[in-house]
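Given below, in the form of structure tokens, are the structures.
After this come two complexes, each holding chain A, first together with chain B and then together with chain C.
Then we have the complex of A and B:
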């Protein structure tokens, strides 16, 4: 009972409440420890062990339980046979593609025919926020227009990663509203991700499947910085900085 | 007495509540509008936002005062406030109302805002939206009369079926099978190209495919489009309330059940067949293979990009034998686009009809590790193999071509016949079916993927609707999925299972016997 409870608790918390499936191998490992732990507690002294084993022993050895015994003797081997058969079938589960979500950026990147140092790169428009709020607002607006013409198809009108084309791409588009995405990143990181797109990802982030276009082919440098202003402005998140 | 007054007060608030809310505060709403809505619907509310040109359907022009989805009577131009409220809260199609369709490539770009805006915010927006038109003050005078809803039943559906087809009532635009395949060029009020709804794809319905919603559309028509009202007694196609319920039940029953996307289904399982593989798309031998359906999205990663697709899914089956492998590709396309064809040029400018086409993409060589070729036509170190079928023109027959590419711009044209690729197509009532077949091995193992059993083979698809301006880089496509030639199971699993069962059974019997002998000995000793 304890074991069933722990198993159910694991499955419910992770799969349903947190919405993150636990890998099967990990769950098997945890459950192994839980089962052994429970077993150890129940077989701590001899009396308890006897108590635990008694019903099983009785089933096999007590002649009055012959009927149930015969039944159990049929069911257990059949069950084992079924499990063995299933495990021997060729797998139709596709290979898993482990993927780094926010891979470490390179120290420098090439785009627009020049080299950018990502450690020192800053959004050149950011300073207008304090120096010239009107001009800043105009840049945010321009960024919004670029976003709606190019990005909403996947990342959504609400910037929630649920645009109309989202279900047709894999991996799914990033949800900018989520606090674990752009709120954790610097503007230079976003510049790198937008300018070089999916193909610019390092290998651990599976660049061959990302549907993120290489935006330096479609947008200017300034337009990318404008979109970045818009992303933070709309969601209310603050970009990370090096200080 | 005091109690009674209190109850009356509460009741009063309850009754007045929605009415008060319905007033909405346009001033507060304006702020929300300028943050959330302006991008598509524009500052003037005329649908002229920055996104307008790249969206089909285009964003609603509020200055017209016309709304597609409304529950006021057909004579009334203005909608109920609740109709506007519903569209803002749940979107088109509603993307988070329980049981409704999520955003998808066949839907419109209007999302539901109910997860980030409160009901009061939305009422404020209703007030803003209404102010854009000169009909702000107009109140609707009539409502849709639903009579008594007739629940769906085989009889009702059959009656609806008759009415749907009778005198081309609905088939005139929606086609024989409801897939919108009838040849008619339709336009919306913004001059935009509109397509009759494919009624077998309920996830593309802007106002849901609940029979009650369908009844409403049939009754009011869809203002601003060529979908008329079937409640108009002047029309010779007019239907009574009861008849409209039957048609609504019939339309609801048209929904595809089997050719729908299941996100967890990423593997196409090719079935092993005895004898020659079927080339005819309608051969019953295809029933042996499981079908898998994927979303298609417009090509937006390379120049020229495409934003306004006419199709959103493709369904695939695969079979193989010792010698060959064959794929059956099936997708809905309202128009059989063959340049020069009389029917095709009826709906599209003759200069803008291109050949319908479909293609599959596989790696040229099966990748050793996890790294696949770039899904957009491969990359320099990982070439892909593309087989493309084109529908042909009135002057030339359909074609199949073979290409190897290492990116959009690096395409090597090859000889499909030499590789042994064969193709056969069939078009019927808004659906293309194309069979492609190739020997599992070819003479060029470094250029053509060799199909081995039990291997996971990356596969992707693309389709072109030649009457929707789709040619060259303008097409719809999928990301990578998998194809596997299911290896025969063989005797091993069954043998192992029998062995394990016998072992356990033997062990149990041995234990029981041992116990029985011990007991007998005890008894004897006693």
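Then we have the complex of A and C:
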């Protein structure tokens, strides 16, 4: 009962109420450990263990349950056979790929005809935030304009990944408002991703599954840094730093 | 120069004398001058060449020459038909490390148990300590044999890397060999002198031997750790990538101490897990009630040792990971955001399995007491929190999706569950899991006792308040700082979370001990009255620890990717690629099976050594 309730709660909450399905791989893992937890609670003392196994024992040993026993002994193997058959059926579904959404950056990258060390690279405009706030604001504003002209079609005018082109691409454009995306990253990481786009992704991130253009072909180095300032400014996130 | 190398190699070879005599291998890497040393350095190749030349010429006047990493080609790596060098080194290194961790850990808690025995004058502690160390004796020989095999494997398959490291670590490798002899001597004296050095001053001498054994063992580990961490975070390099430091610079590299702390704590947890499995093995095969009671007590102690080290272990791991991030964003992201992140899901599941089995064993163990019924009703609530925290703990940020699911969700990030995939959620979950385990332990301790102090009710109220306040604080720090502040606070919030847990552990144990001082016992503890299935929880603990160490060890080593020494010495062997996750998991799993088989052999040997066969009619009479 507990297990069925938890399973139904997961499916109803995610698939129906929230409208964002719970992946099968995750649900399987969740349920495995929910079952383990329930099993542990019901078997840590002898009385409860006996209570738990009593119906199973009765089913196997009680002569009066012969009919039910025979039915169960037919249904279980048939169920297992059905599941096995289903799992082995040929499918047109391509195999699941372990695509890394957040791949590690290289230690250095080449863009705009020069090499950048991503371990030490910083946004050259960031220091203006304290040194010259007016100039900083101007760069943020310029970044916003560049964003609206180039990026909002996919990433959305609210930076939520819901731009007009977004439904046409898979995977969806990243939602910058989500605290688990750019809020986790350094500005140098964003510079790498924007400058080299989808084709610049490492193999583990399956570069062919990304519609992100190589922006170094369309924007200047300063424009990319300005856009990065705008992304953090608009969302209110702070770029990742090391101290 | 070459004589010094020979001296070092000779020192290590003493350890391997038997094995050495079995092989006649040409080791091309021992003579480092035979390699075309590169002028390669990631930052400035020309500067490296210049540094190399200047160093060579100016050695007499300006101290030791810079040590430049050789630039190798695939031909520089010897091959043996039918063997994959990387897999051989990987498997042997892993097996050696498991046994080494075990034989380093066991003397630590044997020393503590012996000291407790001396303090309480309860001989049962002394007997148990002796039985623990007896198990580690056979494992010690296996550690040495595997260490020899590892040295040979490295020399055969990666001679130039070994040549390079030997040049840098210089005399420390000789000291390692000497320390190994010292450790062996202390171990044998400690073990074989156990019954001889009993009582009064002799017992103190024996305890001192235990201390020296631990000092030698720990120093050995610290030395070996420095070689490993140097390969991840090399120090003492000039701008060209040539090594210009000395041994202390090389040893004191960025990741040395984080690894030292992590390994010491993890070794104790692992050692506790393995001796727990030994106790479970003996419990299940015991024929008498007395033996069952003895091995039940032994299993309980081993589980307490494992839990005591398991509780701080996630923090030591988090500290190490944070330091890896600090040292190299690339290594950090490769570790937990990139390709290795998938293995971290398995890691999370195994850590959860450790917590679940440790708790289950404690809950089952409450059956030994007649007064446990007062507390068993709370177990289900503890279980709910542990399982819920565990689900958060292993929820990945980047999900494994079928194509249909990916299309429905629009990417690998789940709009709701994705938030559970980042560190603030993990830190919150693991702190709650630790506090629940602490609660299980406190209930277990209380099961057979009734407090007699007048302030028992107030004490209980304080403890309930502390746990509630602690949980609220952990949740607040995790949710507010984790999701509504910048990354500096996100990472920093883990520290007050850990401190909350630490304060809870210390304060609750102090209050509980005071409250139950002179407590009335409900009845005698029924050692041995524990279901057999609880013993399987101890087996799960040992297997999970082993598997986990293998997996994480691979990840730690693998994040160097195609570098022998990160960013300094490139791996040019045909195997210089990250294997598929499935392959890596297979290698680790096979190594785990081999290790467990060897451990069962060790357990069996300890059983055989106590068995006597009366060979009637075989020997001459009179």
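Definition applied: the second predicted complex is superposed on the first by the 159 of 243 C-alpha atoms of A that agree within 3 Å, B and C clash if a C-alpha of one lies under 4 Å from a C-alpha of the other, contacts with A are read in each partner's own complex, and residues count from 1 in each chain.
The rule is short, and it goes like this: a residue touches a chain if its C-beta (ideal position, glycine included) is under 8 Å from a C-beta of that chain, and two chains touch if they have at least 3 such contacts.
This structure is a prediction, so every number in the text was calculated from the model and none was measured.
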| item | value |
| --- | --- |
| Which of chain B and chain C A:102 touches, first, second, both or neither | second |
| Partner chain(s) touched by A:94 [first = chain B, second = chain C, both, neither] | both |
| Chain B versus chain C as contact partner of A:26, first or second or both or neither | second |
| Partner chain(s) touched by A:207 [first = chain B, second = chain C, both, neither] | first |
| First (chain B), second (chain C), both or neither touched by A:237 | second |
| First, second, both or neither for A:41, with chain B first and chain C second | second |
| Which superposed partner A:170 touches (first chain B, second chain C, both, neither) | both |
| Common interface positions of chain A, toward chain B and toward chain C | 94, 98, 166, 170 |
| Interface residues, chain C side, partner chain A - complex | 42, 325-326, 328-334, 337-339, 341-342, 349, 352, 356, 359-360, 363-364, 366-367, 372, 376, 379-380, 383-384, 386-387, 390-391, 394-419, 421-422, 483-488, 531, 533, 567, 581 |
| Chain A-facing residues of chain B, complex | 35-36, 39-40, 49-51, 54, 95, 102-105, 107-111, 113, 115-116, 261, 263, 266-267, 269, 294-298, 300-303, 305, 307, 312, 370-375, 379, 382, 454, 456, 478-480, 482, 484, 486-487, 489, 492-494, 496-498, 500-502, 504-505, 508-509, 511-512, 515-516, 519 |
| Complex contacts: residues of chain A adjacent to chain B | 60-61, 63, 69, 73, 76-78, 80-82, 84-85, 88-90, 92, 94-95, 97-98, 144-149, 152-153, 156-158, 162-170, 197-199, 203, 206-209, 211, 213-214, 217-218, 234 |
| Touch list for chain A against partner chain C, complex | 14, 18, 20-26, 29-30, 33-34, 36-37, 40-41, 43-46, 49, 93-94, 96, 98-107, 118-119, 166, 170-172, 174-175, 178-181, 183-184, 186, 188-189, 202, 204, 237-243 |
